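For reference, the structure discussed in these notes is given below.
Chain IDs A, B, C, D, E, F and G follow the sequence of writing; residue 1 opens each chain.
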Amino acid sequence: MNLFAINMVLAFAWVALTGGLTLGGLTTGYVVGMAAMWLVRPLFPETGVYFRRLYYWARLIVMFVYELIVSSLPVVRDVFTPGQSSQPALIAVPITVTTDLQITLLANFISLTPGTLSLDVSADRSTLYIHAMFGEDPDAIRAQISDRFEVWVREATE
Amino acid sequence: MIHDLIVALFVLSGGIFCFAAGMGVLRLPDLLTRMHASTKAGTLGSGLILVAVAVQFAEGTVIARAVAAIMFLLMTAPVAAHLIGRAAFRTGVPMVDKTVCEDGVADALRARPGEQAPD
Amino acid sequence: MTMLEYVILFGFALVILGVVLAAIRLVRGPSLADRIVALDLMTVQLVSFGGLTALLSGSAGFLDVAVVLALVGFLATVCLARYLERRILLQAEELT
Amino acid sequence: MELLLALSVGVLVAASVYLMLDRNILRFLFGLALLSNAVNLMIFASGRLTPGAPPLIDAGEYAPTGVVANALPQALVLTAIVIGFGLLAFTLALVYRTFMTLGTVNSDEMRVAEPVDAGKEAGK
Amino acid sequence: MQSLILTTTTRLLAALLLMFSVYALLRGHNLPGGGFIGGLIGATAFILYTIATSVDEAQAALRVDPSNLAMAGLGVAALGGIGAGFAGDPFFTGQWLFLFRDGDSYVPLSTVLVFDIGVYMAVFGGILTLVFALEQEI
Amino acid sequence: MADDYPSVDRVMGGPAGWISIAFPTILFLYFLGLLPEIAQGPQVHGIEWVPSLGVNLSVLLDGLSMTFVLLITGIGAAVTLYSARYLGNHPDYPRFVSYLLMFMIGMLGLVLADNLIMLFVFWEITTIASYLLIGFNADNANARRSALQALLVTGTGGLILLAGLIVLGTVAGTFELSQILTMGDMIRAHPWYLAILLLFLAGAFTKSAQVPFHFWLPNAMAAPTPVSAYLHSATMVKAGIFLMARMNPALGGTDAWFWILTLFGGVTAVFASVMAMRQTDIKQVLAYTTLMALGTLTMFIGAGTHYAIMAAMLFLVVHSLYKAALFLMIGIVDHATGTREAAVLGGLSKVMPLTGLAAALAAISMAGIPPMVGFIGKEFMYKAGLGLEGFGAFWVTMMAFAASVMMFAVGGIVALKPFRGDLRPTPKAPHEGPWPMLAGPLVLGALSLIFGLVPGVLGYYLVGPATHAVFGQVLPVELYLWGGINMALILSLLTFLAGWLVYRRHQSIRDRLAAFEARSPIDFDAGWDRLLDGFKAFAAWQTRLIQNGSLQRYMAVMFATFVVMVGGTYLLKGAFQGVPGLSADGVHPVQWTVLGLIVAGAILTVWTHSRMTAIAGMGAAGIGVSLIFIMFSAPDVAITQLLVEVLVVVLVSIVMLRLPYLPRRSKTRFRTGHAVIAGGTGLVTTFLLMSVMATDFDRRLTTFFEVTSYPEAHGRNIVNVILVDFRAMDTFGEIVVVAIAAIAAFALLRGAPRRKPEEES
Amino acid sequence: MSWLLVYPILIPLLTAVLSYLFRNSPAGRWISVAGTVALLLASVVLMSEVLEQGVVAAQMSNWQAPFGITLVADLLGAVMVVITAITGLATVIYSLSEIPERLERLGFHALLQTLLMGVCGAFVTGDLFNLYVWFEVMLISSFGLLVLGASREQLDGGIKYVLLNLVSTIMFLAGTGLLYGLTGTLNMADLHLAVREVENTGLLTTIAVIFMVAFGVKAALFPLFFWLPASYHTPPVAVSAIFAGLLTKVGVYALIRMFTLVFDHDVAFTHTILLWAAVVTMVTGVLGAAAMNDFRRILSFHIISQIGYMVLGLALYTPLGLMGAVFYLVHHIIVKANLFFVAGVAKRIGGSTDLSRLGGLYAHAPVLAFLFLIPAFSLAGFPPLSGFWAKYVVVKAALDLEMWFVAGVSLAVGLLTIFSMTKIWGSAFWPAHPDGIKPRLSDLPMGDRMALMLPIVALAALTCIIGLFPESFVLFAERAATQLLDPTDYVTTVLGVQP
């Protein structure tokens, strides 16, 4: 987060220079600062990682939003159609990510995506327990999580 | 006009998701399925309307605030769902009969009853 | 009134209906957890309400309501969930 | 709207008062919280209602353009809300402490400061 | 409450809330916000912290006794009012200093802001005092 | 005081004693020096005290006040001298003396006052002093009871008197007696005259123990002996007599005055004389004869003729002299023998000759036997009585006669019987008293004799001027021992005869009276107890009724009061003037829904029997309220409201972990009465709010804030500018509330040792 | 000069802050003492300013009235501030001995100071909503003080006190909102003018009655006084004393202020209600006192009864009546606080405030007995003590209006007051102690004796001074009453314009 801090300092400097302490000004300052850092990146040995990380974060967020929209639709359909087509299930999902941040991100990701909801993490942090609304095929759900979500999360955070 | 259309689209879809969330919470059979509706549709609905606001005003500060609000929603909604779901499960809130439970999951969820009761 | 305003009003109606539906769940329960879910959803829907008001009035001031709500509504839910979990340990069952 | 709002405030007040007349002080507390809300609404409405125009001065202007909502009752209500919160919070703590000490939340069972037989003794 | 997910989120969220509360405080004079709202939001940050961890940890993170903070806030607010006395004005008269003035844009410093900071501290400290005290009872 | 007379380790009570003796003595001598001057005519001196209320420290020196002053100080000197020896070693003697001096000062101020309010001030001082004096032996429950009784009876009279003083002052336009006394005709013609009269007489009658307010006086005997003497002979009880005499020029002379005073006075005199016969304790006997004298005095003041007034003034002096002597004497006897029972005592003159002498002088005067001054007093009474017209003459004369007969007999009982005959065994071996205690009775007895022999002096210096002052006109006053053979003399002789017969048969009379009293349903003293008990029971009953300890009841009464008062005013004053017009855009369905949400939340909170559901209901209502704030352009308020809602939920969710559940619905029956109160409150609120919103609104303040907010206060958020600038003082107070609420709650939670709830529900 | 009006608020606040921050060291308590002394000095200066210049006003934040908040002191306001400072100082000194260190560490002094702040604020503010705020400051501080220590009695009494007072506060707030909605202003001087423009006077009267009920609770009028006897005997004595002396008087003050300055449009209606409320209050209060068997509970019921006299003075609405009310206010604060102080000492040396478990004070603590008699007789209205003049003026005012019944009741209540006072005297002082204790003042450590007796002696001396030299106080009350009945000066000074 060192670089992020530097970037923030730059953003505040921008605000001071241009006046107008607003979130907009700050964001502008942050972007401008980032651009400046990118220009002088040889001076910062870690800038490469910093910018790649930014890309992964952006991808994570985008995918997150996408999955959210896509996954909402079946729920909405089930809500509006008469009767219940869902097949709820409680599923254990083994996970490989290790840090707190990764586990949290993954769990949240799962909660916001296709008919799944994280209920808890096992004490040894190796398993996520989730509730699936359309849990006819637990293995497919497990596969989706480990193949896609886990990867995105890991890439964004490592 | 296009601008208005986009805004209208976001507003409309957001509204529908909000409504759907309410509907789901009311109609779905058990707590955990209701939570699906509230967590996903609710968050999405509100997010979409915030996007509409951002588009409509198209000002830096407004966009920033709208984005911030969306971020906050996305950060908090799943955590809240996790906490309620876990608590509900631990307190034995009933699930619909057709729920399939993998081996050990129920035990694992109930195994650790939070903290010890004080005194 | 412009088309957009009609749409916004319609959006209002949808959101408020959603709130009402959630409120019905709030009343009906049956479990405390259900009520917490309903209340949580209501706060989230209020975020929409704030946004829609901002749109309708043309004043971004209302957006702040949405931002604050998005942040702190969570806190109420967390506290209630914690209550739900701990209560079992501290006292006899209150399921309704 | 004015009429409806007045009616709603009335219902809110009636509900709160009914709660406050309960011998269970928890229900009193709920009534108190509701009543605060009702009175806040009342002050707010007393300053008249203006939809969709918050009392903010847009950048570049020196005064609000057009009619904006009455800012003063808003400030008053804001103050009242915060004060009400402070009082409610204290009361909550008081109820809690009372229960822990006296073992009841039923006000009829709290007869420590005014014992039932005090009057009779004096009559002798 | 023991939850890895909550604890992790709280780390981020509490910091965000604190930042946001300062933001709400500073811009309150021009947009919705101000000392109350700022103080309330700031307090929620530490409440979240308390719930995710414990009173002791939250207290340690805060370092100062919140009741002292609340009372000090009253003092700061009073100072914001007393400041006017040095200019020969009545209590609470706003004293303004416009830094970096350039046309309509400037960084304002004022006794009004000092007062609002006092409000922030009082509300923040007061609520945390309450929450910590109640929480320790459980 | 088992140790007989105190040894002299505190000579004459020490400094306190010396001061107490010197004070009345010096004053007595001083006023004695003024006597010739005052005999020429009254004087008024004064300084301002509370001029804005018309209250001054002004002194009216005339014959009446001089007579009283000399009695007070003269007998005061005797009593203080006596008590210095009698009580000098008592650990509380200084306290006693200070009460005594306070009492004396009160009496002096009272009789010297020219200002009515000043008179009242001193009147009340005597009440307080007598309370403290009667209760001096505070360990004795009886003394405490008697003190309270005296205080309440005379206090009641005092307060009624105050009303009378104020009304009289209003009628007369001044509180100065020297002026009021000249306005008699105007006052008597005033429509409020009767009210004033009754108010004054209530004060006078209670203080002077007229039947039926007499019962406190015999009970006041619990006070140490010299005190009784002082109280009963010279002073306190005569304050009422003084008041009637003083007011005679202003209030007297009417039929009401005549009949009230003569009837009450006569009944009191006769009743008291009979009761005196009934007593065995000599001190009690004397107490009742005092009552008798008071009745007689009242009667003659009421009679109101020049002769009657003269008789009253003369008898006043006569009575003071012999009664003080007798009280002091009985103190010596009590001290010497250990008893005051008339039946036990006899033959004391052998061992206590000087005491016997004093007793004899006083008793002869009391019996009205020449050449004592008492004889003159009796003669003038008969003359005055016979000089009246119609039934009045008969009544007054008969009552005076009956009283005199009894006085004759009582004189024998108290002074003759204990000293004559054979010495009887008593609890202590009797011996003569020391000189400080003997001096008083002897001097007073001697004066009774001297004044009887040279009545002119008395007439010229005291009785004459006093009569002038009371009668209001200057007519000649001549006192003489021998007035020739007339009807009065014949009555006197009859008095002696009848009195002698009564004295001879007094034992059997007493027995019969005792038997009668035992059967009589009327017992004033017991009646007092019943009255007091009844009052206490009533007070307790009403307090239990009102302050019954139930919070629920308190709350209900409070809200009911609100509904009745506010709703009643609303209806009574026609505040309803139509409903407010709807806003331009009508009622949006969204608004309907939001209001519905509020209402639903409120109803849910009432309806549910689950705490958390109630909290959810409150939450819903709170959310609805914040939606209203959002809809009607109050973002700051909405944010605050939401934040506070959340915080409330946070706090409640913590606290509820420990608090018990609400009772099941079966236990919470619907409370109709409460529902009516609640509904009424809601209805009142609705109508009030509606009516307010229906009026035109004055936006002056708001407009000012809108135009100055940015240019002068440098803020674009008007609400915030109001909070931190325009109305910063409110905010200042408000944050104090928040901070102090927190500190108070913290102190509350930490202030008590942590305890388990006594019962888990 | 504008700062003179701020000091009574600012000094206690700063004192509260500092004494709280130093609550764990002895410094905290001495800061509290010093701050109260400063408050007394400031209030005296304010008083002299008001005496010299008439009504004094200051516009906070420098905004012209009625837009900003105005602080204003007329004679009544100024004297109430002075008396607050006096009572506060007495309480602080008394508390040096009475309040254990444990409670000091919990913030006793801060709570006491903010209580003074709230009370002073209520007395000097010229703004209705601001009055509400100061009421709340006062209220929350009193809550804290009342339950400080959290004994069982305190909690029970506290619940009743808190809940009932909260309701009255909400009524006050509602009334304020409605009045604002009707007139569009909050400044009380401006309200004086604005109510004359109101067309729906019936509505105005209705709102006036809301205030009457709300302040009636604060002032402990019948039938709204329940909270007082339920709670006043429960907290530490120093707290009881300042509550008994000051708090209900703030309610009376508010009644006087509102029903002379603002609601004078329908006196025949509003003040008649007040009149009968006052009469019944006098009677029920004193009967309550007669029924009690505890030193402090008797005194608590007396408060109610005496409040009746004050409100009666207001209800009569004549110069003499208001003068009586003002005189009564001042006199009663001093006397009543002092009686509670005495009760505290009695408890300390005699072991209880229950009259059946107390005794021997007359024999063994004669000084205390004497110091009890002064306020006790003063309260009962015996001349020549302060209470006599108070009662005299009120009764005379009633008689001047030919209200025989009212005057009669006030006199009868005076008698019953005497009765209940003798109840204390006849149980706690005269008879021997039931447990054979010899309650001696000399048994107290020197420091404690100083701290406890100094306030008692000082207040008793004040009672005597007022009683023996009443002229200047009467003149003062007269001037104050004149100001109240004709608020032209007040309005002109606040608004800076001729009305």
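In the analysis below, a contact is a pair of C-beta atoms (placed from the backbone, for glycine too) under 8 Å apart; a residue touches a chain by one contact, two chains touch by 3 or more.
Everything quoted here is computed from the prediction, not taken from an experiment.
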* Co-neighbours of chain G and chain F - touch as defined -> D, E
* Closest chain to global C-alpha mean, per-chain Cα centroids -> G
* **Farthest-lying chain, centroid of Cα atoms versus that of chain G** => A
* Asked: Going by the average position of its CA atoms, which chain sits the greatest distance from chain B?
  -> F
* **Whole-Å separation of chain centres (CA-atom averages), chain C against chain D** => 22
* Asked: Taking each chain's centre as the mean position of its Cα atoms, how many Å separate chain A from chain D?
  -> 42
* Cα-centroid distance, chain C relative to chain F, in whole angstrom -> 69
* Structure fact -> Whole-angstrom distance, CA centroid of chain A to CA centroid of chain F, is 87
* Structure fact -> In chain F, the residues touching two or more other chains are 536, 539-540, 543-544, 547, 549, 551, 555, 559, 588, 611, 617, 631, 633, 635-636, 639-640, 643-644, 646-647, 650-651, 654-655, 657-658, 685, 689, 692-693, 697, 699, 701, 705, 716-717, 719, 723, 725-731, 734, 736-738, 740-746, 748-750, 752
* Asked: By residue number and range, which residues of chain B touch two or more other chains?
  -> 16, 20, 23, 35, 43, 59, 61, 65, 68, 72, 75-77, 79, 82-83, 86, 114-115, 118
* Mind pulling the chain E residues that touch 2 or more other chains? -> 1, 3, 5-6, 9, 13, 16, 20, 30-33, 36-37, 41, 44, 47, 67, 71, 74, 78, 81, 91-92, 94, 123, 126-127, 130, 133-134, 137-138
* Which chain pairs touch, all of them -> A-B, A-E, B-C, B-E, C-D, C-E, C-F, D-E, D-F, D-G, E-F, E-G, F-G
* Structure fact -> Contacts from chain C onto chain E in the complex sit at residues 61, 64-65, 67-68, 71-72, 74-75, 78-79, 81-82, 85-86
* Asked: Taking the complex as given, what residues does chain D use to touch chain E?
  -> 54, 56, 60, 78, 82, 86, 89, 92-93, 96, 100
* To do: Going by the contact rule at the top, pick out the chain D residues touching chain F in the complex.
  => 1-28, 30-31, 33-34, 37-38, 40-42, 44-59, 61-64, 68-72, 74-79, 81-90, 92-97, 99-105, 107-108, 110-111, 114-116, 119-120, 122-124
* **Touch list for chain C against partner chain B, complex** => 2-4, 7-8, 10-15, 17-22, 24-25, 31, 33-34, 36-38, 40-41, 44-45, 47-48, 51-52, 54-55, 60, 63-64, 66-67, 70-71, 73-74, 77-78, 80-82, 84-90
* Structure fact -> As the complex stands, chain E meets chain D at residues 30-32, 36, 104, 123, 126-127, 130, 133-134, 137
